[in-house]
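Scrolling down, you'll hit the structures one after another.
In the two complexes below, chain A is the common chain; its partner is chain B in one and chain C in the other.
Now for the complex of A and B:
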C-alpha cells in the first residue's frame, strides 16, 4: 500500500511540474497552451540526446535552459498576440504548434520508442516498508516538492512573485499601476516552459520517449488545472497529488476504469464547485 | 507652460460608427478637483480612458505639466505621476492590503505606502486579504492604490459607486483634504451630485461625446443647457 501511495505521488509530482506551467501561462496570458505537452516532449528529447553522450545532469540543465528560451520566444512571438483574440483562436494556434513540434521531433529523432537512462547516482533501490523502491522515483518526488516549495516562497515573498500574483488576478489593472506586464509574462512563460522541460527530463526514465509522449500526460495536466481551479498554484498542487493517487490506484484496483476515473472526478468536482478547489475563474 | 497640470486638446474617440468623444478640450490646474458629469454615454469614462492612455485618441493630444504624453503607455504615464481608478474596484482579493499597496508602490520611484495607509485609515487592515475587507474599505483601498507615490494627477471613475451616502461623503472629505494638502489634481467622474457639488472646484459637463459646459458648481447648477440635458429642474 505504501509503495502504491509513493508511486501515486511520483505521477502526481510529474503532473504538478507540467500543470503549474499551464497555470502560470494561463494566469498571465489567458492562453490555454495545448503545445505544453509538446514542450514537455522536446525537453525530454533534448535531455536524452545529451544523456546518451554520458552527461545526464548536463542534459537536465541544458533542457531546462533551452525550454526557457523557447518559452520566451513563444511569448514574444505568439502568446502576447494571442491574448487579444478569442480563446478558440489560442486553442487552434497552440494546437498547430503542437503538431509542428511533433513533426520536427519525428524528423530529428524518428518515431521509434527510445529509452532514457537513469543516472548512475540514482540507480538502484531502497527498502521502504520491506519492499524495494527505486531511488530514482524518490528523486522525482524530491524535485517536485522542491519546485512546489520554491515556487510558493517565490510567489509569496518576492517582488516579482507579488507582481505575478497580481497580474494573474487582473493583468489590465496591474498594468495600469505602472507594472510592465509584458516583461513579467516573458519571465512567467519562460519559467512555465522551463518546468515543462524539467518535467520531460525527469519523466524520461519513467516513460518511453516518443513524439506523442506528451499527449496523454497533458490531458491529465489539464484535468489537474481545472480541478485545482484556473490560475491557482496551491489548487494545482493538491489536484496533482489527488489525480496521481487516482491514476495509480485505478491502474491497480480498477484497471478497466483507470483511464476514465480522472474525468469522472473532474465532472464530479465541477458539479460540486465550478471554480475548482481554489480557483476564482470559470 | 499654461499653468495646467493636465490638458486634453481636441480629444476624439470612436467605437465603430459611434463618436464616444468628439473633439473635447479639457484643462485642469494644480490642486483643483474637476468634476466630470453627464448622462450615461456622454463620454466621461472614455475621456478618462484617453487621458490615462488606456484608449488612444484619434487626433488631439494629452499634456502632463505641458509635456505631450500622448504616445506614452499607461504604465509610463503612471510612473510620471498620472494615476487612475476604474468604476469597479481594482483590488486583488488574494493579496493582503499591504501587499497590494506594495505592488503599486514598487512601480513608482520613491513611493511610501505608510503615509497612504495612514491617510486612508487602512493601517490596521494591513495584513488582511483584500477580498475579506468590507466594500467601503475596498473602495478606500482602491483610492489608496491610485494615491501611492503622491501622483500629480488622479483620474477617478466613480470612486463612490456602491457606497452609502455617509461613506460617499467620507470619501469625498478625504479626497478634498488630500487635494489641498498634497496638491493632487483630481478629475472626478461621479453620478452622485451631492459628492460632486460638495468637493469640486469646477465642473465639466459632457453630453453625447462633446463638452456641453464648464464652470464653477454655482454656474453649472443654473446653466439652462445643463439643466435641460442632465441635471433637470430638481438640481
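Now for the complex of A and C:
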C-alpha cells in the first residue's frame, strides 16, 4: 500500500511540474497552452540526446535552459499577440504549435520509442516497508517538492512574485501601478516552459520517449489545473497529488475505469465548486 | 509646463470614436475636475492615458513631453497615479500587498507604508486581510493609499465617490484638498457636484467626447455647474 501511495506521489509530482507551467502561463497571458505537452516532450528529447552521450545532469540543465528560451520566444512571438483574440484562436494556434513540434521531433528523432537512461547516481532501489522502491522515483518526488516549495516561497516573499500574483489576477490594474506586464510575462512563460522541460527530462526514465508522449500527461495536467482552480498554484499542487493517487490506485484496483476516474472527479468537483479547489475564475 | 495635457485628443475603441478632440491640462499642485454625465467619455480619458483606447488624432503630453506609445504603465512611471473606477483592489492580495504594489515604480518621496497606514489606520489594523474583505469606504482608502505609495506628482481619481456614504465622501473631500495643499496635483473625474465644488479649483465639462465648458470654480455656483453638466 505504501509503495502504491509513493507511486501516486511520483505521478502527482510530474503532473504538478507540468500543471504549474500551465497555471503560470494561463494566469498572465490567459492562454490555454495546448503545446505544453509538446514542450514537455521536446524537453525530454533534448535531455535524452545529451544523456545518451553520458552527460545525464548536463542534459537536465541544457533542456531546462533551452526550454526557457523557447518559452521566451513563444511569449514574445505568439502569446503576447494572442491575448487580444478569442480563446478559440489561442486554442487553435497552440494546437498548431503542438503539431509542428511533434513533426519536428518525428523528423529529428524518428517515431520509434526510445529508452531514457537513469543516471548512475540514482540507479538501484531502497527498501521501504520491506519492499524495494527505485531511488530514481524518490528523486522525482524530491524534485517536485523542491519546485513546489521554491515556487511558493518565490511567489510569496519576493517583489517579482507579488507582481506575478497581482498580474495573474488583473493585468490591467497591475500595469497601472507601473509594472511592465509584458516583461513579467516573458519571465513567467519562460519559467513555465522551463518547468515543462524539467518535467520532461525527469519523466524520461519513467516513460518511453515518443513524439506523442506529452499528450496523455497533458490531459491529466489540464484536469489538475481545472480541479485546482484556474490560476491557483496551491490548488494545482493539491489536485496533482489527488490525481496522482487516483491514477495509480485506479490502475491497480479498478483498471477498467482508470482512464475515466480523473474525468469523473473533475465533473464532481466542478458541480460542487465551479471555480475548482482554490480558483476564483470559472 | 503642465504635468499632464491632452491636446485635441481623438480616441477610438476599435472603430468607434469616443473622444472627439479633448483638450485640457493640469499643472503641478493644481486641483482640477473633469465632469460630465455618464457616457460622455470621462473614463475614456483614463483609458487613453493607459493605452487601452487608441489615439487617432492629437497627443498626450506629460511634463511637456509628447508620449507617443502610451501603455498601461506609462502614467505610473511618469509620476501619475490612478485610482480607477471600481477601485481596482486585487482580491487575492492582502491589504498590505495591495499597498506594496504601489511602490513598483520605485519613486522616492514622502509617502511610505508607515505613513499611509498612519493616514488610514484601518489599513494597518487589517493589513493581513484580503483587500476585498474591506468595506467600500475602506477599499477607497486602500486604492488611494496604494496610489500615494507611488509618491505621485499627480493623482487621478475616477468617480471616487461612487458607492460611498455621504460622511465618507466628506472625509474624501478633506483628504484630497489636503493632498493638493501638500503639492500633489489632483485630477478628479466625477459627477458628484458637492465633492467637485469642495475639492477642485478649475473644471472642465465633457460632453459628447469633447470639452464643452471650462473655467474656475470660484466663479461658478453649484447650480450653474449642475446646469453645465446637464447640457
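What we mean here is this: the second predicted complex is superposed on the first by the 282 of 282 C-alpha atoms of A that agree within 3 Å, B and C clash if a C-alpha of one lies under 4 Å from a C-alpha of the other, contacts with A are read in each partner's own complex, and residues count from 1 in each chain.
Criterion: a contact is a pair of C-beta atoms (placed from the backbone, for glycine too) under 8 Å apart; a residue touches a chain by one contact, two chains touch by 3 or more.
Only a predicted model underlies this, so the values are computations on that prediction, with no experimental measurement involved.
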item	value
Combined model on chain A where chain B meets chain C, clash or fit	clash
Touching partner for A:166 - first (chain B), second (chain C), both, neither	both
Touched partner set for A:179, first chain B, second chain C, both or neither	both
Chain B versus chain C as contact partner of A:252, first or second or both or neither	neither
Which of chain B and chain C A:5 touches, first, second, both or neither	neither
Doubly contacted chain A residues - partners chain C and chain B	162-163, 165-166, 169-170, 173-180, 280
Touching residues on chain A, where the partner in the complex is chain C	162-163, 165-166, 168-181, 280
Complex contact set, residues of chain A against chain B	159, 162-163, 165-166, 169-170, 173-180, 280
Touching residues on chain B, where the partner in the complex is chain A	52, 54, 74-75, 78-79, 84, 86, 90, 92-95, 99-100, 102-104, 106-108, 145
Of chain C, residues touching chain A in the complex	50, 52, 71-73, 75-77, 82, 84, 88, 90-93, 97, 100-102, 104-105, 146, 150
